[in-house]
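So, here come the structures, one by one.
Look for subunit A in each of the two complexes below; its partner is subunit B in the first and subunit C in the second.
Take a look at the complex of A and B:
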């Protein structure tokens, strides 16, 4: 099942969002335009705009209003990707050269800042002050999550709670806020937007856990980087934390540093893949998904609810 | 407002921005940027004669300073003297964090229009920075125009938001432009890495101007700017004495740098 298929009822509105996204980053400065378009064309699942639109269906849906929130959130996400590539010194993103690789870090920094500014500009079309407070708080928290991630690199004595707190800020928060702001922008009632926030949070947690599993299990071709790269870079994700419950494997993982021998790293990855760490991680991801589905029970039945359920199921099955 | 009040206000706001932007982990790896007191002064002056309550006023000024602080921090990501990858990573995140903080402060006061104005300023700043970076198709006039915008648009947008006089915008533009030119000349003379002069030199490609020629060009623009500032001082008699003092100081900086540089043989 592909995400674009289950979202077909939103097709027209998503096409509008895509066009508007292109418009949003238009600049008379050729290099900036080129860099922004490179990032936009690299695609992405547009999961945040999808959640914004679907959750807006629980209020008074007006695409011309709610599109502002959808664009703002996708631009924030894109800006963070450009800056993440500078942080990670990444050459490729989704199999394509990054902005910092094609040009340099300077262009990447300017492009990211430009996109964040455009994002806030779009957001100002939403007059509800609460929407701004929610988004501003989320941006600060996401940054704190990224700082934590750097702080926790190669810190092997961390626990699952540390990991969950980190991925909450890193990923789940922006998805939760996409759901919440979709509903808020459409004037949905408080009970509804709170449920949708929780739903987005659970989906985001599950999504990131699966991302972290795929980092071990997917092929290099699919990932656009070698399997286990997160761990090699010192990012201790859920499968690694579960794998460390095995004393022998724990000792080997503890010795991982950036300059680790490739063979040793490959062996560790194989051990992790063959242990029950992957299955346990899937189980936790599934728990979050189930929680998300239960939360939806309290919302009125409508086509959007059905699509949110479908997305939750898709996330549980995704392979890339 | 008396001179003392301005000084105290600048001091308080500086502390406030420092406190707001503080993060224990940054402080271990990232040297904080210097908070530009002149900018605080101009922002404070922009809000004079408005009926905005003090706390709200301070919040707006802090937000604008944090927005500027974010831009400054990101400029440092590409510095050659970075000591570690962690320093670079944290500079990226610090800039993003400060951006979140400025938005958060303005969202707290529900001033959506000011969010829009500052976002617009930041958009223009980054466009112009890219423009400067890829100079080569332009000329020195376009280059200087971009520099002027980068330096002052955040403050002039802020000023415009509170309906302050456009004459005052010109004062901000010329002052910050002159300050930038003088700093760049100083940096260049001190032998520091200088993207400014590299980009300015690109405007003259394929001709490769000597450093002294480039300095001469800067000096020409600095002189024009200084003369405009002098005119403004005459035509804006109600300027607070602290602003006049700063204008006089920058004038002496200009004079100090006016001694010709000894050209290498």
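Take a look at the complex of A and C:
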């Protein structure tokens, strides 16, 4: 099951957004244009725009209004990816060279800056001051998250609560806000947009947990990078945290440093992959998903609700 | 004459802003807090908050409203400095080590990101959607300016128009917008805030030209870095452009590369410093200042107008 299939009723609107995204990053500065296009063409699932549009269906849906929110959210997401790749010193993103790798950190920094700026520019088409407040606060949290991720690197004595707070800022918040702002920009009522925020939050948590599982279990071909890259970089995710309940493995993980012996690292990753840590991680992801589905019960029945349910189920099963 | 002296009627409000600035960058993440405070304590003339407050005096002045705009503008300015220092690979800013130097480029990148995010957060207290549109478009231009500055480095066949466009984006625009938004957030009428925008633009152009002159003429002690640093870094400013009207000097300047012989570089800088290029640059700066003063004639007489005039005159005479 591919995500784009279940979204066919949105097809025309998503195509419009794709075209507008390309327009949004147009620049008469060649280098900037090239770098932005490279990022845009690398794809991505456009999850944030999809949620914006679907949640706008709970208000007065007007694509020419709501597209501004959808584009703004995707641009913020893309900007955060570019800056993240600088922080992570990543060479590849979705199997393609990152901007920092193709050019350098400085180009990546200002390409991200430019995308964020363009995002704000789109948001100004939304008149509701509340929308701006919600977004600004989310951006503050995303920035804090960026930094906390560095701080928590190779810090093996962290717990699951630390991890959950980190992925909230890294992923769940922007998906929650996509849902909320989709509804807000379509003038949906408060009860509705609050539920959609919480729905998005649960979906985002579940989504990131699965991302972190796949980093261990998927093939290098699917990931576009070697499996276990997170742990190799000192990023401690849920499977690693569960795996550390095994005291012997815990000791070995605690010894991971940047220059760890490759063979030992491979063994640790295989160990985690074959442990019950994966299953436990799936269970937590599923709990968030179930909560998301329960939240939807309080919303009126409409085709968008059905699609939100489908997406939630898809996320539980995705393999890449 | 010091800028803070002529601003004494604003003293209490500026102190309030200083305190709020410190609060604004508070973070429970130590590293972020330290980096932001280092930048804040490095000072700066707080020109943008001063203009925001003064221009708000042309509307209904309420410090508790207008402070949001003042802080937002100063935070955007600070964020752009931090990212600029990464782009310029600068070790010193106002004689103090930069964030990139004290920590590294990555810390500088996200400290800038965080400041920008906090700035947006403050702006959301201003309800007028126009204010957000003005600011978002300015941020886009500032970002473009960052990149153009790199593109134009060591490109000696540029002309004065290229230079003026660059300093518009680098400096004048944010000062223009400080003036405009000060008036807008105090509910001033359209004629007034348009004049103030143009006033700020002229002041900003004049201000940056003088900055670029001082880079040649001031002492290392005043600058906090060696004189002629701009040209040494390949940044071609107005004095260099005027100096290139001398064909012999032009040839020597065209040969400047990153690894240029120190003695030859010193000679070129001394040459420019003693040429009429400095005087010509002052003349252009003065033209902008005069235009700024003429613009003020169309505004009603009030104490703020007198202070804007004083600041304009101060800028023409400043030595650091």
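Here is the rule we use: the second predicted complex is superposed on the first by the 320 of 320 C-alpha atoms of A that agree within 3 Å, B and C clash if a C-alpha of one lies under 4 Å from a C-alpha of the other, contacts with A are read in each partner's own complex, and residues count from 1 in each chain.
Note that in this section a residue touches a chain if its C-beta (ideal position, glycine included) is under 8 Å from a C-beta of that chain, and two chains touch if they have at least 3 such contacts.
If you're wondering where the values come from, they're calculated on a predicted model, not measured in any experiment.
In the three-chain model built by superposing on subunit A, subunit B clashes with subunit C. By the touch criterion defined above, A:170 reaches neither subunit B nor subunit C.
When the two structures are aligned on the shared chain, A:127 is found in touch with subunit B and with subunit C. After overlaying the two complexes on the shared chain, residue contacts for A:198 are found with neither subunit B nor subunit C. Of the two partner chains placed around the shared chain by superposition, neither subunit B nor subunit C is touched by A:48. Applying the stated contact rule after C-alpha superposition, one finds that A:117 touches each of subunit B and subunit C. Taken together, the two complexes place residues 27, 29, 31-32, 83, 86-87, 105-106, 109-110, 113-114, 116-118, 120-121, 123-124, 127, 129, 132-133, 135-137, 139-140, 142-144, 146-147, 150-151 of subunit A in contact with subunit B and also with subunit C.
Only residues 27, 29, 31-32, 83, 86-87, 105-106, 109-110, 113-114, 116-118, 120-121, 123-124, 127, 129, 132-133, 135-137, 139-140, 142-144, 146-148, 150-151 of subunit C touch subunit A when the two sit together in their complex.
The part of subunit A that touches subunit B in the complex is made up of residues 27-32, 80, 83, 86-87, 89, 104-107, 109-111, 113-114, 116-118, 120-121, 123-124, 127, 129, 132-133, 135-137, 139-140, 142-144, 146-147, 150-151.
Per the touch definition, subunit B reaches subunit A in the complex via residues 23, 25-26, 70-71, 74-75, 77-78, 85-86, 88-90, 92-93, 95-97, 99-101, 103-104, 106-108, 110, 112-113, 115-116, 119-120, 122-123, 125-127, 129-131, 133-134.
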